[in-house]
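Per-chain residue numbering starts at 1, and chain names A, B and C are given in the order in which the chains are listed.
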Amino acid sequence: MKCRILILVFCLAALIGSAAGQTKTAALRPPSTPDIQGIWNFATITPLERPADLAGKEFFTEQEAAQHEKEVLARTNMDRRDGGAQADLERAYNDFWWDRGTKIVKTLRTSLIVDPRNGRIPPLTAGAKERQAERQAANRGHEFDGPENRPLFERCLILQGAGAPTTPTAYNNNTQIVQTPGFVAIHNEMGHEVRIIPLDGRPHLPQTMRQWKGDSRGHWESDTLVVETTNFSVKNSFRGSGPDMTLTERFRRLDADTLEYRFTVDDPETFTQPWTVEIPLTRAPGPLFEYACHEGNYGMRGVLSGARAQEKDAVEAKRPSK
Amino acid sequence: MRHRLAVSISPMVVLAAIFALAAESAIAQPAKAAPGARNWRPSKTPWGDPDLQGTWTSDDCIGTPLNRPANLGEKRYYTEQELAQRESQLAKQQQNDLQELVGPDQRVGTGPPSHWVERARRPCRQTSLVVDPPNGRTPDLLPEAQTRRIPEGANNNNPKADSWEDFSYYIRCISRGVTGSIFPVIYGNGQQIMQAPGYVTILQEMVHEARVIPVDGRPHASPSVRSYMGDPRGHWESNTLVVETTNFLSNRTGIGLNGGGTPTSDALKLIERYTRTSSSELQYEVTIDDPKTFTRPFKVAFPLTQEPGYQNFEYACHEGNYAMSNSLSGARAQEKAAAEAAKKK
Amino acid sequence: MRRKVMSYRLRIWVLASAAFVALFTAMPGNGQTSPKTTSQIPRMPDGKPNFTGLWQTLGTAHWDIQDHSTQPGPFFQLGATGAMPAGQGIVEGGEIPYTPAAAAKQKENLQNRMKLDPEIKCYMPGIPRANYMPFPFQIIQSQRDIAFVYEYATSNRVVNMGTFREAAVDTWMGTSNGHWEGDTLVVDVSGLNGNSWFDRSGNFQTDNTHVVERFTLGDADHISYEASIEDKTIYTRPWKIGTVIYRHKEKNAQLNEFKCVEFAEELIYGHLKKK
């Protein structure tokens, strides 16, 4: 009897001891949190919006998918030489520079937008339409005046695929996720943007503080990382969105090599309903490369000096010939 | 057994006595011996450094020239008679200062009223601030130093006031340099010494300098870090604080009153010695060594005193530098008037 | 026989308890074996906290003590180096409680800050601004008074820890009288001449502004700094700022010299230079 008591006591002590020991040497990521770390690729030839000619067709069949991929790759091959010199020039880079992906999404959906069901961005509100028209009118005829007239990605300010939200684009369709107790960091190759997302429940920045990529706060809902981003700057816009957009992203591990990434745009000032996008993230070997956009922005110099040269030519042309 | 014990105890008693004496001197206690006496020693701070703290002033040697008049030769001190004479002169001056109105026989200039300036409370015993070489005069300048420009600003001998660069660093309210911030002048002579473990700090009234002097033996800053007030390092030699200052910028202030005189070079090295000789008197001595400016090193020394009610006041020189804007705009106005007069001719 | 059994049982329980105790005390977080749970602050021989050292704030309070996003700078020639970074404010509650007239003056100050900000002219920064300038400052704590030696513009002040002394005259750095409240250094700053600002964004003082500061060593390397500000002529109520001051721990850290008058002369007297 006494021996058994003794054994029980020592076993209990051992259990407590080992529990204490475990918290002491626990991995950096708390054991209950899923591991979504790694380098992930999100290149896909599935477009954001369902093309007009596929209206009503939510999913491809396997055969249709294969055919579609062949057609798209043939159509977008930048090494073609048909169409004459002008067409060739406008294809800009050789094919190896592009990294749009070669496949459509595994779900065989014909758009990345999953809601609304028609796979298209919902209509703009009346106010948003007005603002958009105003902006366009203000810029008409001034598209090449200066850097502020050029699109944000040409200025290397905010780039597509650079996070909040992440969407596939011409290249650099890679992201790296790092987890640590209390934080998730998401590093997008495009624009070397890193979003640091606190998970400790702290409030957002005050409304007076706005950022290009907004202000993100995250938490886990069972196996899904939910990230809410607000406080966007009025200077940035995702497909027409305004500064009071609330962007909610969800990251969920499907298997060893796949993350499901979904985001919902909720901006009642701009869109008549919220809309949701789903993009698969596939594990990639990496590494991420430095995208020194601004440092190498010959494009901007070329665009502006070209515009100045054209203006000069136009003036010269108007002069009466000798 | 017992016998051995007795023998072994006596050396211990001696040792104990020695330790007791040593311990006694390490504990903070009031100064020993009569003030002013040669063997007077200052009390110690709780961490064992000699206590030099308080607000000191060089007021008593206001008016004493840097250089001894040549006719006084090697006469370093005034005689007792001469001192008595000076004392009565001081008393007369104090009386004059109390006057509120100018008498009918007094000449009035455009300078400030007399109560703007400070006065010595006792006659200064020295005939000059320079005490070595024995003739009480600064050594000759090296040839390369003789051509250095001394910005003096507009005065009757040299009315040039094209820009602020024509004025001294003092008039520009930048700095008076280390020696210029302690040598006695007409006001602003306050030197507040504060000590903390590992540091002595001297807060100098004009122009609100604060010399932070580490006494922990650390080396000087890199020679690439240079400044107007240099880089000071202190250590204790018995009860004297010795401060070595290097890393001066070149060609800025001179070593004279208010930083005047030939600008010194980046080779300037100052060795100051602060020795408290009573609760209210501190002997200051500085050896000035600039091998690119003077033919030899030389010494300046004078006493500092603590006076009841004396305190540093904020000398917001730059913030209130009407002298600069007035001098420059006055010069421009004169030029304009001259130009207009010339046109009329 | 019984006695023997009892003592055996007793021994087992003693052994078991001992094992429990041994395992419990060996676990982390018990407080007994971890010396770092009580913060160690340096102290003077008389037991008072010792603030002597080289200190500096981090953050952007010197730009704007309220929350702020990035702003472009006034000269494009300075590019990114002239722009204002974003930062969280140090004002408790977020807003400075200006009267309507004072709020208007602040906006005017902000619009004209390149002409009006005393920092640009190298004027002494006053209190509390001196404490969160982007420059270090040295605290020298003697066994009585405490000197603050600020690198910027060779500003400094001595906190009188003896009997309270009224300000004899209004000054840029004010008159500081301090006392201890436990381990907190409380400094009353009066006699400010009202020429100083709180930051580069036009938040200003008057000669009625009265500041009470509180310095507390959270641990050897951090001062928790608070300042209460009152001025009935421009605020609807007293308000507070709070931030952290960090100790410089680099090997050869020391106070350097920033005599900035030379950098402001062209600005102030340039129009009076001979053409």
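Heads up, the rule we're going with is that a residue touches a chain if its C-beta (ideal position, glycine included) is under 8 Å from a C-beta of that chain, and two chains touch if they have at least 3 such contacts.
Because the structure is a prediction, the values reported are computed rather than measured.
K.L.:
Considering only C-beta pairs in contact, identify the chain pair with the most of them.
P.N.:
B-C
K.L.:
Which chain has its C-alpha centre closest to the mean of all protein C-alpha atoms shown?
P.N.:
The chain sitting closest to the overall C-alpha centre is C.
K.L.:
Which chain has its C-alpha centroid at the greatest distance from the C-alpha centroid of chain A?
P.N.:
Comparing chain centres, B lies farthest from chain A.
K.L.:
Could you tell me the distance, in whole angstrom, between the mean C-alpha positions of chain B and chain C?
P.N.:
Taking the average C-alpha coordinate of chain B and of chain C, the gap between them is 33 Å.
K.L.:
Rounded to a whole Å, what is the gap between the Cα centroids of chain A and chain B?
P.N.:
The answer is 68 Å.
K.L.:
Using mean CA coordinates as chain centres, what's the chain A-chain C distance in Å?
P.N.:
The computed centroid separation for chain A versus chain C comes out at 41 Å.
K.L.:
If you look only at chain B, which of its residues touch chain C in the complex?
P.N.:
45-47, 53, 162-164, 172-175, 192, 194-199, 201, 203, 207-210, 212, 214, 218, 221, 225, 227-229, 312-314, 316, 318-319, 324-325, 328-329, 331-332, 335
K.L.:
Once bound in the complex, which stretches of chain C touch chain B?
P.N.:
So the residues of chain C in touch with chain B come to 44-46, 50, 52, 122-124, 138, 140-145, 147, 149, 153-156, 158, 168-169, 171-173, 195, 252, 254-257, 259, 261-262, 265, 268-269, 272-274.
K.L.:
Within the complex, which stretch of chain C touches chain A?
P.N.:
8-9, 12, 15-16, 19-20, 23-24, 26-28, 67-69, 86, 88, 94
K.L.:
Can you tell me which positions in chain A touch chain C when the two form their complex?
P.N.:
Chain A residues touching chain C: 2, 5-6, 9-10, 13-14, 16-17, 20, 24, 205-206, 208-211, 233.
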